[in-house]
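Pasting in a structure now, in structure tokens, and then I'll have a few things to ask.
Note that the chains are named A, B, C, D and E in the order they appear, and that numbering of residues resets to 1 at the start of each chain.
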Amino acid sequence: QDKTFTIALVPGLTTDAFYITMRKGAEAAAKAVGAELVFQGAPDFNPVTQVPVLDAIIAKKPDAILIAPTDKDQLIQPLKKAHDAGIPVITVDTFIGDGIYQTGAGDAEFPLSYIASDNVLGGAIAARALAKAVGEKGKVYVSNVKPGISTTDQREQGFKDEMAANHPGIEVLESQFNDNDANKAASQLQAVFARNSDLVGVFGANLFSALGAANGVQQAGQTGNIKVVAFDAPTSIVDNINSGLVDVAIAQHPAEIGYFGVMSAYAHLTGNSIPTAIGTGFTIIDKANVADPDVAKYIYSD
Amino acid sequence: MTSTVDEPPKVDPHIAPQADHADQTQTLIGHIAQLRAWLFLGALIIIFEIWSRLSFGGTFVLSPFNWQSIAIFAVAPLLLAIGQTFVIISGGIDLSMGFIMGLAAVVAAHMTNLAGLYMPLPFAMLFGILVAVLVATIPGMINGLLISRLKVPPFIGTLGMFGVARGTAFLLAGGTTVPVKNEYFAMLGNGRILGIPYLVLVTAVFVLVMHYILSQTRFGQHNYAIGANAQAARRAGIDIKGHILKLYVLSSVCAGLGGALYAARFTAGAAQAGEPLLLDCVAAVVIGGASLFGGSGSILGTVAGALVIAVIQYGLVFLDVEPFWQFIAVGVVIIISVLIDQAQRRFSGAKQDE
Amino acid sequence: MNSQTPLLEVRNLSRHFGAVKALENCSLVVHPGEVVALAGDNGAGKTTMIKAISGVYAPTSGEILIEGKPVSFSSPQDAREKGIETIYQDLALADNLTIGGNIFLGREPMRKAFGFLPVIDRKAMAEAARQTMALLDFHVKRLDAPVSNFSGGQRQAVAIGRAVYWNARILIMDEPTAALGVPEQRKVVALIKSLKAQGRGVVFISHNLQDIFAVSDRIVVLRRGIVAGERNINETTHDEVVKLMIGG
Amino acid sequence: MTSTVDEPPKVDPHIAPQADHADQTQTLIGHIAQLRAWLFLGALIIIFEIWSRLSFGGTFVLSPFNWQSIAIFAVAPLLLAIGQTFVIISGGIDLSMGFIMGLAAVVAAHMTNLAGLYMPLPFAMLFGILVAVLVATIPGMINGLLISRLKVPPFIGTLGMFGVARGTAFLLAGGTTVPVKNEYFAMLGNGRILGIPYLVLVTAVFVLVMHYILSQTRFGQHNYAIGANAQAARRAGIDIKGHILKLYVLSSVCAGLGGALYAARFTAGAAQAGEPLLLDCVAAVVIGGASLFGGSGSILGTVAGALVIAVIQYGLVFLDVEPFWQFIAVGVVIIISVLIDQAQRRFSGAKQDE
Amino acid sequence: MNSQTPLLEVRNLSRHFGAVKALENCSLVVHPGEVVALAGDNGAGKTTMIKAISGVYAPTSGEILIEGKPVSFSSPQDAREKGIETIYQDLALADNLTIGGNIFLGREPMRKAFGFLPVIDRKAMAEAARQTMALLDFHVKRLDAPVSNFSGGQRQAVAIGRAVYWNARILIMDEPTAALGVPEQRKVVALIKSLKAQGRGVVFISHNLQDIFAVSDRIVVLRRGIVAGERNINETTHDEVVKLMIGG
């Protein structure tokens, strides 16, 4: 085929290493198949700012849209517009409806595929890693960005559910919201620790929550005593793991998500059928394996 | 930034004198100043059109889809900006509008669902919207009382309410989004008539009413007077306390309507619905010709200001500018929008030196 | 002084600002058709006195009576409703409004647009503004310009015009002629005389003894917050008044 | 909210007259007004202490750990608030500080790494900090020029710069965080001497210098005059354009230092480092006694304001308040902080009626 | 008029605001030791003229010469540096500063704290404020109160005090006595006489013809932006001046 397909990728927000890495994977795939990638998003993880971007993308009638919907309910109608215009939609990282597509039932099953590492599962994996690191007992809490962000909300959910179900020795304290401010996240860790001297671990549900919580542990002089599990793995995480600030990082595979996203879209456009869900999995990074090139390749943005 | 009653005289730099012996010229220049934001909007559209044709050979301005999208996009920030226009003209500011909008969105969603159990869906929808707007007036009333009676500066009073409304909205929403199950509500949010989305129609009517209130009623006239010189207004016998109370209720009604329409459009209420709109809505008012010192501004200017912001943000995506460069471009365009004002002022011979 | 009930009576009024006793036990009576001058050095308390009368400041203690009835103004609005109009020394104009807008501030005339929609009648306001200003010999063309465009004296005239327009029973004027040109000063003096003839009461503050002697019936002299003396105008002289002011 | 040169006279409601025939009393009341934010801070701490003892029998205020944590927490918002204090006293506002801070953090990280290749690490660190602060002055200079020469209102000029600095910072950072490899830098950010973190020491010295500049130099005195009446200041022969330029450079230096220290503490630069601090830093200034209309405010007040915010946010976590209720509590406390001001004013006999 | 180089000369000055010709081809000369009164009805252009001289407004056209040398002020700062001090009709005080702060605004005295650290010398400012105000017969105690606490006349005195303090060669006063009490008015008149005796030049705007005739050597009358006439004071009368003003 000699037509160059244009594939749009709309991230949850543009100012996040996770999505920037996803873009790199997508670009690699686009290059491989000779498609053109358009990357456009909003600065906030919020439907109110994401939908206009989506509209502008639809206006240009790309051949396919990959999108990380900022809400599972609120993006249904806006995405339907794309679907109605005949543009295939694939959701990446997050989903609409219940994430089960092409069933012919309900009004949110029209996307072709959901390609992601499930955030709920990610939270559960983080819970397991933290439980193991702290020896299955003690107090932990979730350091989270702000309420209303579906990805981080799901990670928190997965974390709490897993702890409740399978780790009876662990008490999960109230979550704390830091407004994506590492400084506030650090202070919150210190406050939680000042109140609970038996705090043994914290799960940072996104980059700055983890970065801040890790610094809070350091400021509190508890490095090694309070375990830090971080979600996402930007380059700075390597140093943090090496220096012992962060004990475990749960790396999603954004580059893979982007890569598979474009590949799936291309496959669909060229008349092939694609699976309705592709899980990309996680990599658990800690001091023991951080130097391993097989692991290091999942560190974002290289 | 306060409209407490002991505000002393001040003259706004934006109503720089443009005197004239001939009434005609005076009026003309006055109108051009009002039109400035619209002129800028026109220039912006022309530039985008040229850019669009050069860069990918398509049209920007002639696509009805683009205009529908931009109009829908502008609805929420515009509704907030309308309320903010009144507040800013009075010399105040309302930082809490974004979360009052979120609160209203959550309430609208809950109430529509709840009412749907007891009455026909169209009525349930109306009931939900009504209750949402009514609930929104509560924080507005508290803002107004704090500012008028207890003389809390508007920035602080509404910043406090920012937190209170935020917390309340998230508590009501249980920290998540509240989906609405009401097909009429969804239709209101996404349907259109003759190609014009209902949302845009509702907003247009609302804007007209607000324009009437600001430009043709005593309430509006007093709002300008209070913003220019609260002391003079008080001495003239205007009930400033009552006015300010109404003012913040009015702005929360705008936010409440914004929240209800948000819930209709996204068929879900979310506490964070209005969070990203705060700076944009104030910027729309200022680009529309108001001064944060109070005393000047207009609804029509604000409409242009809101459209300027919507057109830039939509247009830059449409023109496929890199996201980080978009930040820069939006910033530059905002500055230029006001520079034009300055140039025009100089040209029209307004006093420059002092 | 005559024996009918006074239009305005102030009894033992005091007003303190923190430890500053701006006014201490001051009394004042104005009968219908009477012009009472309030004189005194800078900082004597004249402005404070009239602000208390017109509801701007709540008195610390003391009583105000209108036509024999005690009143208590919690705002200038109350005072205006009782027929008291005031020209303030520091003007108090809304600089972004037109002359008409200022004259009618708080009492804008309305008309019905399309036969049903109440809107502010800006034409009526402009016309009234033109007429009122003409009364003071100001012939303004720019009726739709904000008052910030006008000169010091022109603005003063707007403030006077506003007070005059509303046909108050009691007019309080704090240095109304201070910024005015010679012909306008004369016009204001003439105006006060005609108000007097109509049986209204006027309280007139001025540092210009000539003006005071030209229009007043009585003069009350304040000194450092207390009443230093009160004289019928035809029983006193410039020199005596000055002596009262500076406390000779 | 503008400090362009054609600003007309205005009197700030916050410097309501508190006259007195006896000089002594006057001065005393004046000082109490200045101390208000500190008094509120004291009250807040006492309440938290009682609450803490009642709810779980432990101390809040007697724990040095808590104070170290709060002090470190307050560093970044305080640095921004110090710059903002100058700007707000002049009658302006600087919305761009947060992203200038982010820009500086990214530059500090890159430059420290780069310099580390060519010079000993301690020098590389100093070089990185220096370059970061210098780079930060560029947007400050542009802000100043826009506002003083081109008479762009500060809200719009700095909102534009908000976008420009944001875009630039993200471009430089490649959208991600930039890790710093320099142990001395990390030590600066996290080490302490006699239990006092270096960051806190550096900030304390900086605050003292800024207090000196605001309260004891001509620049500071002129800043107050410009905020109260820019026209009068101009007529008195003050070079307002020059002053405003310096002012916005000063505020960007504060942001630049904040960014460099951020990079030191987190051993990484991030473009979004200062984004969440905008409202907090303005709130600190206002709680500290400044008015957004300009003309009043002080560094010591701002320090108290920043500490109030830090203490509430830290304390509520310490006291185990539910997250959504924290939003509400912070809002309520912010409002109360100013209500006390009003009560004190009334009590001290300042004019109330007008 | 005499033949030495004038201290200040204004040649054919015009200043327009948009279409408003506030000033059109006006000229004015002030010699050392001369007091020139600028008179005219409200809106005649007096304030505009002196604002052009003191660097507040850039003239639309025309020339200003100081001691025979053409100058072009781009700001009031330039004018102050050439020895021109101005009292503005609309005062222009920084209301949040003390009297001393206002007098010294832009030229604050410094001292060294701890022997090395330059700080503003607030004590010296307060002392100078006290002395300067005493010169005008104002005996202020509250030297650390912001000027917003003072009465209209007291504030006017601060503005006069500032201009006087700096020993300007040329003093421009826009209605300086308008808000002043009788004794203070006399004090200002005496002050102007002493400035004159010291060989300074004074431009004096007033609507009070008595004051004008008491201190001026010459009177320049403006009418609607043009010079309607110029008279030596001892060759004219009140009536002639009024006629010039209103264009009889």
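Following the convention adopted for this analysis, contacts are C-beta pairs under 8 Å (C-beta built on N, C-alpha and C of every residue); 3 or more make two chains touch, one makes a residue touch a chain.
In this text the structure is predicted, and so the values were computed from the model without any measurement.
Among the other chains, A has the CA centre that is most remote from the centre of chain E.
Distance between Cα centroids is largest for the pairing of chain D with C.
Between the CA-based centres of chain A and chain D the separation comes to 33 Å, rounded to the whole angstrom. The distance from the centre of chain D to the centre of chain E, with each centre set as the mean of the Cα atoms, comes to 41 Å.
Work out the mean CA point of chain C and of chain D, and you get 47 Å between them. Counting only residues that touch two or more partner chains, chain A has 14-15, 43, 147.
Contact with two or more other chains is made by residues 9, 11-12, 17-21, 26, 166, 170, 175, 231, 234, 324, 326, 351-354 of chain D. Each of residues 17, 56, 90, 149 in chain C touches at least two other chains. Those residues of chain B that touch chain A in the shared complex are 58, 63, 65-66, 69-70, 72-73, 76, 170, 175-177, 179, 186, 189-190, 262, 265-268, 270-277, 310, 313-315, 317-318, 320, 322-324, 327. Every residue of chain A that touches chain B in the complex is listed here, in rising order: 14-15, 38-44, 46-49, 51-53, 55-60, 71-78, 146-148, 153. Across the complex, chain D meets chain B through its residues 1-2, 4-13, 16, 95, 146, 150-153, 155-157, 159-168, 170-171, 175, 231, 234, 279, 282-283, 286-287, 291-293, 324-335, 337-339, 342, 351-354. Those residues of chain C that touch chain B in the shared complex are 54, 56, 75-77, 80-81, 86, 88, 90-97, 101-102, 105-108, 110, 113, 117-120, 141-146, 148-149. Residue ranges on chain C touching chain E, taken from their complex, read 17, 40-44, 47, 89-90, 138, 149-154, 156-157, 175, 178-185, 207-210, 242, 245-246.
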